[in-house]
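As written, the chains take the letters A, B, C, D, E and F, and residue 1 is the first residue of each chain.
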Amino acid sequence: MPKVPGLVKGLGVTMGTLFRTAKNGADTVQYPHAKEAPPVRARGVIALREDNCTACMLCARSCPDWCIYIEGHKQLAPPRRAGGKPRQVNHLDRFDIDYALCMYCGICVEVCPFDALFWSPEYEYSEPRIADLLHDKDKLGEWMETVPEAPELEAGAEKKK
Amino acid sequence: MSSMLAADVNVAQNVGFYIIAAIMVFGALRVVSGRNVVHTALWLVVVLGGVAAQYLLAAAEFVAISQVMVYIGAVMVLFLFGIMLTRATIGEESDLNNKNWSIGIPVSLLLAGTLVWVIVDQYRGEVLASPDEPMSTTAISDVFLREGLVPFLALSFVLLAAAIGAIVLARKD
Amino acid sequence: MMSIALEIPYWGQSLLRVLGGIGAVLLPAGTIVYLFLFKMMSFMQSRLGPMEAGPYGSMQLLAEVGKWLQKEDIIPENADAKIYKLAPVIVLVSTFLLVVVVPFGPDALFTDFSAGVFYALAIGSVSVIGILVAGWSSANKYSLLGGLRAAGQLIAYELPMVLAVVGVVIQAGSMNLQQIVVAQNSGSIFGWDGVGFPFVLTQFVGFLIFMIAVQAELTQVPFDMPIAESELVSGYMTEYSGFRFLIFFIGEFATAGVFAFIASVLFLGGWGIPFSWFGWESLDAVDGWMNIVGPVIMLTKMLVLTGIIMWVRFSYPRFREDQLQKFAWKVLIPLSLANIAVTAILKVAI
Amino acid sequence: MTMLSERQQMSYIAAQAADARLNVELETEGMTLNIGPQHPATHGTLRIIARLDGEQVVWAEPSAGYMHRGYEKLTEVRTFPQVTALINRIDWLGSFANEVPFILAAEQLMDIEAPPRAQHIRTILFELSRIANVSLFLGDLGVQMGAVTPVFMAFRDREYVLNLIEGATGGRFHPNFDRIGGLKDDLPKGWLDETRQVMKKLRNFCDEIEDLLFGNEIFQSRTRGIGVIPADVARQYGLSGANLRASGVDWDLRRDQSLPLAYDKVDFRVWTHPDGDSWARCWIRLQEVREATKIVDQLIETLPPGPVMTKVPRIIKVPEGEAWVSTEKPLCEIGYYVFS
Amino acid sequence: MLGATLSSGWFLENAWLIPLIPAIGFVFIILFGKKMPQNGSEIGIVSIGISLAISIGATFQWIDRVNSASGGSDYASGGFFGAFRAIFPTAADGGYGASFVEPVVRSWTWWQSGGLEFGLGQHIDGLAIMLLLLVTFISFLVQIYSTEYVSGDRRYTHFFASLTLFSAGMLVMVLAENMLQLILGWEIMGLCSFMLIGHWWEEEANSRAALKAFFTVRVGDVGLLVGTAIIFFGANDWAVEHGSNGFSIRGISAWALSGEASQSVLFWGGVALFIASIGKSGQFPLHTWLPDAMAGPTPVSSLLHSSTMVVAGVFLVARLYPVFFVGFDILDTTVNFITIIGGITIIVAAALAFVQDDIKKVLAYSTVSQLGYMMLGLGVGAWLPAVFHIFTHAFFKCALFLGAGSISHSGSHHSFDMKKDMGGLAKKMPITAATWMVSTAALCGIPFFSGFFSKDEIIDNASHNGYQFFYYVALVGAFMTPAYMTRATYLTFFGKPRGAAAGEHHDEGHDDAHGAAHADHDDHHDDAHDDHGAHDDHGAHHGPHESPWRITAPLIVLSILAIGSGYLNAPAFGTHYFTDWVEPVGVEVALDDEYGHSSGEEESAGIVFAAVQAGDEEYDGKAKGCGFADPSEGTVCYAPKLSHAVFSWSKAMPSIILVFAGILFSAWVCMGIYGDRRNPFAGLTSKFAPARWIHTLLVNKYYLDHLYEKVIVFAFAHPIARAAYWVNQNILDAIVNNVGRGGRRTGEWVYRNVDQRVVDGAVNASGLAASEGGHALQPVQSGKVNQYGALLFGAATVGAIVLILVNI
Amino acid sequence: MYAVNFLILAAVLFSIGVFGVIARRNAVMVLMSIELILNSVNLNLIAFAMMNNSPEGHVFALYVIAVAAAEVGVGLAMVLMIYRNRRSIALDELSVMKG
C-alpha cells in the first residue's frame, strides 16, 4: 500500500474531528448552561462543622502556608448531664481561611481530630477582589451542606477503621 | 489662450492630471528634501503611484499596471529593505544632505528652465487625442515578440545578470 | 453593464459600486471569520466555539469589533506615529483595490481591465509595503523582524503566484478576468461541454501552486512566520491594538476572500455556470439573472477555497524561515516554470 | 565599582566576539533580541539573549533561574506532610510523580515499606501523571511550531486523565495523595473501569498526534537533524530521561532500579531512538505515553487486594539520617536527597 | 536513377526522437531517479536503449534509401524488413559516383525574429546516421557497464543523469539541422563533460581536471561562436536567396561550394571553427585537458574521450567539410592548417604516450594521436577514411578504456598505475586480456583488424592526394602507435605481478599502502581513493579476478566489433558498404524553382531537391565538379567531389612493416627496461643523457601545462591584474593630478632645456599655466558621486543651452 | 489633453531627481532620486506614444522599468556591501576615487 503523505493524513485527522464533533457534540461543556459534576473526592473548598471544632489549633499549625486563623476563648458550657459540673470548653470566636493563600493540600482536614473540617466539591466561590476570599466560619459552615458522603471503595480495598 | 478651450480637450481628464501632477511634484520635493529616510521612501511610493495614475490617463493601462507591480510591489520593497537593513533610525536625521547641496539648486533650476523652455517652444498647443480605448496588451505583446524580441531576450539576460550580480555582491562569503 | 447603466443614474451607479465594493470585501471577510475561524476551527478541536452572541454565536464578530473599537488605541512612545497609523490603511486599501477587477456576473463587475489578472497580482503586492512599514514603525524588534519576514515571504511567493497564473493566461488567451471566466464556461472537455472547461482540470499544478502561494501571501499557517505567535509574538502586529489591529484583522480575512475569489475565477470558472446548460453562445447571450446568481456562485466557490485555506491553517505546523524561502525558490518557482513550459507546448501543439 | 562575576565576564567576552564577527562579515545590521522571560515560547522560565544576523542566530546566551522557588529553604521549616504538599508544586504537570520519590526516601529513612496495593496504585498514578504531563507536551509542541489543533486535542484528552486523578485523589493538579507508609485512601468504586476507557482514548490520541503532527512533513523538516546530541555527548552532559534515550542510550530507571514500586510486575518496553535529534526526543515521548497506557492497563488487571497503609505512628518522626531516591519522572530523572 | 523516389520511413522521419528520449530520460532520472529500484540507472539504460532501437531502424531505412537512390529499387518499398535484405546487397551496385542521396531534413521554427527563423530540426545523412548509431550503441554499452562500475557510488543517480544528458547532447549535435542547434548540443556536452569528469569532485585534482577540461574547451568554443557568426554573415544573404538561411548546414554547405563565397570569409570562418575542433578534439596545443580528464570515472572516459565528445570536433569539420575544403584549399595545396595540426598531434601525442605510467593516460594520449589521424585525414581530403576511422576507433578505443576500467575494478584495486599495481594480469583476467589484445591490435593497425582498414586508408590517401610529407608523418605515427601500445600491454598483462595486482594491498592497513602507491604520482588524477564508495560493496575481493558480466559483456561485444567493423569498408576485400552508405556524393543538384514545399508532406528546411542531375563526370577525381569548379546555373553542390585511393597491398606494405617493427622493437625494449636487467636498454634514461632529456621533456608533457599555467596565466593574469591595479592607482585615480604634475614637469623640462636656451618668458608662462591648471582641476576629482553628478548635469545643461542658442 | 502637460511634468520630475542626485548624502536616497529620473523619462515615452498612437513607446517604457528593477537590485546590493565594509552609506565619505 502506498504511503499516504503525512500532510494528507493531518488534514484527515482535523476533518475527522470536525465531523465527529458535529455528530457527537463537543467534548467541552457550555459552562454556565451546563456544569460538570466534580468527583466526590474533589477538593473544592473546605467546609467547617463548627460544633465539632474545639479550637485546638492543630489545623492552623499544620497548615503549610498558615492561612487558617483561629481565635477562641475558654468558657463554661452547660453540663452534659443535668446537674453535672459545667464543662470548660473552647469556644470558637473566629475561624477564617484565606483562600487566596490556601493551596488545597488537605492537611488540615486530615489532621483534624474532631471531624470538624470537610472537603466540599463546591467550586463557584470566586470573588472580584482578592481580599474577599477570606471566608469566615459562617461561610464555611454554609458549605457543609454540599459535603457529599464518602464514596464506596474499589473491590479489594480494606475498610478503614 | 483660445486653444485651451479646444473642444477635444477633456476637462475631467485635465483636472485629474493637474491634481495628480501637483501631488507628484509635492511628493518628489519631499523625496529630495525629507529628513527621514523611510518617509522619503513612502513619498517616493506616492510619486510612483502618481506616475502609474498618469499612465492610466494616457491610456497606457499595461504600463501602469507594470509600474505598480515592479515599482511599488518590488522596487520600493527592496528600497525599504535596503533602508531597514542599513540601520534606519526612527525620527529625523539631520545629515541627509550633502555639503554641496547648494550646487544642486541652481543646476536643477537651470535644467528645469531649459527643459520647460524647449518643450513649450516645441510642443505648445499640441493636443493629444484621447484614444478611444487603452493601448491593447495585444499590440504591446506583438511589438515585444516581433521587432523587440532580441532586445527582450537581451533584457532578460540583463535581469539574470543583475540577479546573479546582486546575489554575489550581497552574499556574505 | 449596459442594463444597469441605462436604468440607474451615474451617482447611483457610483454609490452602488462603492457599496458593492465594501460589501464584496467585508461580507466575505465576516463570513470567513465566523464560518472558519470561529466555527470550523472549533469543531476541528472538538469544541463548539462562540455560542453566546446571537444564534450559534453568529454575532460574535460584531461583538469582537465592538470590543476592539472601544479599546485604547496605543501608539508606542518611540514609534513613528504617522507611518504607524498609515500602515494598516495601506493594507486594507490594497484589498479594496484588489476586489475591483473581480467579475461577479456578466455585468456585475466594477471595472473591466483588459489586463485584469496582471492588475490583481500587481495590487496584491502593494500590501507588502504596508506590512513592512508597520513592522518598522512600531519601534519593536519583533515587529521589525516580522515585517522583514513578511516582505521577504510575500516577494518570494509573489513569483510562483504570477507564474502559476501565466498557465491560465496562456490557456485562456486573455488576461481579462471576464474573458477567462467565459473561456472556462464556454469550453468543452473532449467535445463534452456538460461542465464547461474549468482550468483546474488542466492547470491542476498551477492551481496547486497558486493556492500554496495564496496561503503564503495571506501569511497563514504553514507560512505564518511573519506573525508567528510563539516566535515573534504576532510579528508586525505586535504593537497594534484596538481599531488598528481590527483593520489588520479584517484585511487579513478580506484578502483571503479576495484571493479566493480570484482563484475561483482563474481556476474554477468564476461566476459562470456552463453556458451549454442554457444554450448561451457567448457572453452577450448570458441572461441578466446571472447578475444575481453569479455572485452567489462566486461566494460558494470562495467559501470552498477559503475553507481549504483555513483547513490547512488549522492542521499544519509552520515552516522555518529558511525552509519557507527554499520551498519558494527551489520547488515552487521551478515547478511553475515547468508548468508554463508544458502549457505553452501543449497550447501550441494542440 | 561593581565586580563582575567570572560568568558575566565570560559572557561579555563572548558578546564582544560576536560583535566583532558581525562587524567583519556583516550582511545586515545585527540585532540583539531578548527572548523571554515574558515571551510566549518561554513561559516565564527562561531568558535567551540572542544576537541575530538577519534570520540567523549567531550567538545566544540562555539565562535560567527564573523558576527557582527555593524549595530547599522552604522545606527546612516544615514537617514531612507539609513538605509533601509543597513538593507537589515542583512540576505542575506531573505532580504525583513528584511525591513518590520523596515519600520513598522518607520511608527509606524510617525503614518501612508501603503495602503492595499501595505500591500498585502509586505506580498507576505515577504513570497517569506521566501521561498527563507528556501528552500536554506533545500538544504544546505543535503550538510552538504554529499548529493550533494538537494542543486542543492534548488538552481534551489530558482532561480525562486529570479527571481520573481527581477522582482518586481529590486534587486535579496537586494530589497530595501519598503518605509515608502508603496512600491516603483507596481508590473509589468504578475508577478502574473508567481508567480502562480513558487509556483507550489516550491511545487513540497518540495515533491522532502521530498522524497530525509527527507524520507531518513540515514538522519532520523542522525537527529532524536539529539539535543532535550524540550518545557520548549526552552521557557526558548527564542527560537523563527521554532525552538520553533519544540519543540511543538504553537507560531507564523504572527498569534498571529496584524501588518499592510495581514496575517489576509489568512488561513494558523502553524505547530508544538512534538519531538523538529533536524529532527523536519528541518521538520517544510519544512512545512513552503509549507505553504508559499499557503499563496502566496491566497494573489495573493485577491490582492486589489489601490495605493501602502500613502501620505508622500518628506523629511522624523521621529518624536522623540521609537518603537518596531517584525515579524516572515524566520529564527526566528526578532524585530527592532527604536529610533529616 | 534520375528522379528515383527516395525511400524513407518512420524511423528516418522521426529521428529527432533519438536525442529527445534521453533528454526526457534525464529529466526523469533527476526527478524520480532516487526513488527507482535501481536508482535511476534503468531509466538511462531504457531511454538510451530506445534511442538505440530507433537508430538501428533509421540506419536500416537509410541504407534502404541509399540503395533506392542508386537503383536498388528492389528494396525501395521494402520498408523495414526490406531494409534487412538491403544491408548487404549482392554487389556494389551503386558504386562510386552514385547519385546524390538527399538527406532527410525536417525542421520546426523555434523562434523568429526580424524575418530570420531559427529552427530546430534534424539533418539525417550518412554521417549523422553513422554517428547516431555509434553514439547510442556505445552509450548503451557504457551505461550497462557503469551499473557495475560505479555501483554504490554516492552520486550514482546523478552520474546516470549526466551520462544520459551527455548522450542527448551529442545526439542533438549530430542531428543538428543548423549551426545553432549544433552549438546547443555542443554546449550541453561541454557542461555534462564537466559534471562527469568532476564526478568525484571532492578530490581537488578531479575538480581541477574538470575545470581544466571545461575551460580549455571553452577556449575552443569561442572559436565556434566566432566561426558560426562569420559563416552566418557570409552565407546568410546567399542562403536566403536560395531558400535557406545562414545557420542551416545545408545552406552553408551549398554556399561554400557555390563559388560565390568569399575565400577570406571561408578561411577565417574555417580557422575559427577549426579552433573549436582543436579544443573539443584535443588537438595539439589544446590537447592537455584530455589526459587530465581521465580523472573522471572510467566509463566516462570511455564514453567521452574515445567515441563521442572528442570526435565532436572531428564531426564538426566533417559536417561543414565544404567550408574547410574551399577555405583551406584542400587538395590544391600540399599543406594546410588542418594537416599541420593533425600531423603535429599524431607525433606529439604518441610520443607522450610512451612515458605515461597511468594506463588511462596512455589511452588518452593514444586517443589524441588517433584524433590527429582523423584530422589529418580530413585535412588531406580523405573525408571518408577519416569518418570511417571515427567509426572503427570508437569500438576499439571504447573497448580499451572499458578494459582499463575492468582492470582497475577487479585487477588492481582501483589503481591505474601500470608500473606499481599491474603486471601479469593476463592469466588472472583472461577475458579482459583477450579483448584488450584484440582492441590493441585494431588500434595498432595490424592487418585484418578494423583499425588497419581505416588508418591505412588515411595514410594511403595522404599520399594519393599529394600530401607526401604528411604521408611520412602518418607512417611515423603508425610506427609509434604499436610501440606504445605494446609497452602498455606488456606492463599490464605480462611480466611479474606488482603491487595491487599481486594482492599486496590486502595486507593490514591497505589505506596506507594505497596512499603510498599514490604518493609519488605526479598528478593524482585517478579515482582510486574516491572509488572506495564503489568498492565497499564487494568486500569479498581477494586479489585480481575477472570482472562480473556487466563489465565483460560490453568488452566482448566491442572487441568483436573491433575486428568486424573494418570489413564494412575493406577495399582489400572489395567491400565498400560504408562508402556507399555514408559518403555524400559530390554532384550538382538542381534547385527547385520555388523553394516551396513541393516535395511531399515533409517540411523542408528550405532548399528542396526536385531532381537529381546526373553525376555525369567520369570518376577520376580532381578535374571538375563540386569543389573544383562552380556549380552550373540553377544547381548547387552539397559536398566536394573527392577521390579515393585505390587499395593495393603493395602500398599498404610500408605501414604494415612499420607496425610489426614497432611491436617487436617495443617488446624488446620493454622486456629490457621492465624485465631483464641485462638488456642494453635497461636504465637507458639514467645512463644516456639525451634520452634522459627527452624523457624529462615527455614526462613534463613538453612543458605545455607549464606554459599555460605558469607562463601564460602568470604572464597575462598577474601582469594584467597588476597593470590594472597600477593603472588604477597611478592613472585613473589621479589622472588630473598627473595632468597637473605632468604639466608641471613639462614646464620644468621646457624651462630647463628649451626655455633656458631659446625663449624665456613665453614658455615659462605656459608651464606655469599647465601646472596651475592641474592644481585648479584637482578638486574636481573629489571622488564624490554627488559632485560628479552635479558636474555632469550642470555641464549637460550648459551644453544644451549653448546648442539651443546656436540653433535658434 | 496637451502634450505639454506630460512633458513639463516629466521635466520637473527630472529636475527634482537631478537635485536629489546632487544633494543627497545617503546612497539609498540617491538611488531613489535616480528612480525619479527614470520615471520622468517613462512619462515622456508614454506621452510620445500617445502622440503617435503607437505601442513602441509603451514597450520602451517597459524596458526601462525592467532595467530600473535590475539597477535597483544591483545598486542596493552594492549599498549593502558598502555598508558592510564601512558601516556607513554616506556618499561623501566614499571618496576612495579621490584624485
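By definition in this document, a residue touches a chain if its C-beta (ideal position, glycine included) is under 8 Å from a C-beta of that chain, and two chains touch if they have at least 3 such contacts.
This one's a predicted model, so the numbers in the text were calculated from it and none came from an experiment.
> Suppose you hop from chain C to any chain it touches, then on again the same way; how many hops at least until you reach chain F?
Contact-graph shortest path, chain C to chain F, evaluates to 2.
> Taking contact as defined at the start, I'd like the list of chains shared as neighbours by chain B and chain E.
Neighbours common to chain B and chain E are F.
> What are the two chains with the most C-beta pairs touching?
Per chain pair, the contact count peaks at B-F.
> Measuring between mean CA coordinates, which chain is farthest from chain F?
For chain F, the chain whose C-alpha mean is farthest off is A.
> Centre to centre, by mean C-alpha position, how many angstrom separate chain D and chain F?
That gives a centre separation of 62 Å.
> Between chain A and chain F, tell me the centre distance in angstrom, where each centre is the average of that chain's C-alpha atoms.
Roughly 76 Å separates the two chain centres.
> Need the CA-centroid distance for the pair chain A / chain E, whole Å please.
93
> Roughly how far is chain E from chain F, going centre to centre by Cα mean, in whole Å?
The separation of the two C-alpha centroids amounts to 49 Å.
> Residues touching two or more other chains, restricted to chain A: which are they?
Counting only residues that touch two or more other chains, chain A contributes 7, 10, 13-14, 17, 27.
> Using the touch rule from the top of the page, what residues of chain D touch 2 or more other chains?
25, 27-28, 149, 153, 156, 212-213, 216, 218-219 - these are the residues of chain D that touch more than one other chain.
> Multi-chain contacts in chain C: which residues touch at least two other chains?
44-47, 144, 314-316
> Tell me, which parts of chain A touch chain C in their complex?
These residues of chain A touch chain C: 7, 10-11, 13-15, 17-18, 20-22, 26-28, 30.
> What residues on chain B touch chain C, complex-wise?
36, 38-39, 42, 45, 61-62, 65-66, 68-69, 72-74, 76-77, 80-81, 84, 88, 90-91, 134, 136-137
> Name, in rising order, each residue of chain D that touches chain C in their complex.
Touch list, chain D to chain C: 31, 33, 39-41, 52, 55, 142-149, 152-153, 156, 212-213, 216, 218-219, 221-222.
> If we count contacts the way the header does, which residues on chain B are in touch with chain E in the complex?
Within the complex, chain B contacts chain E at residues 98, 100, 103-104, 107-108, 110-111, 114, 117-118, 146-147, 149-150.
> Quick one: in the complex, what on chain E touches chain B?
That would be residues 111-114, 784, 786-787, 790, 793-794, 796-798, 800-801, 804 of chain E.
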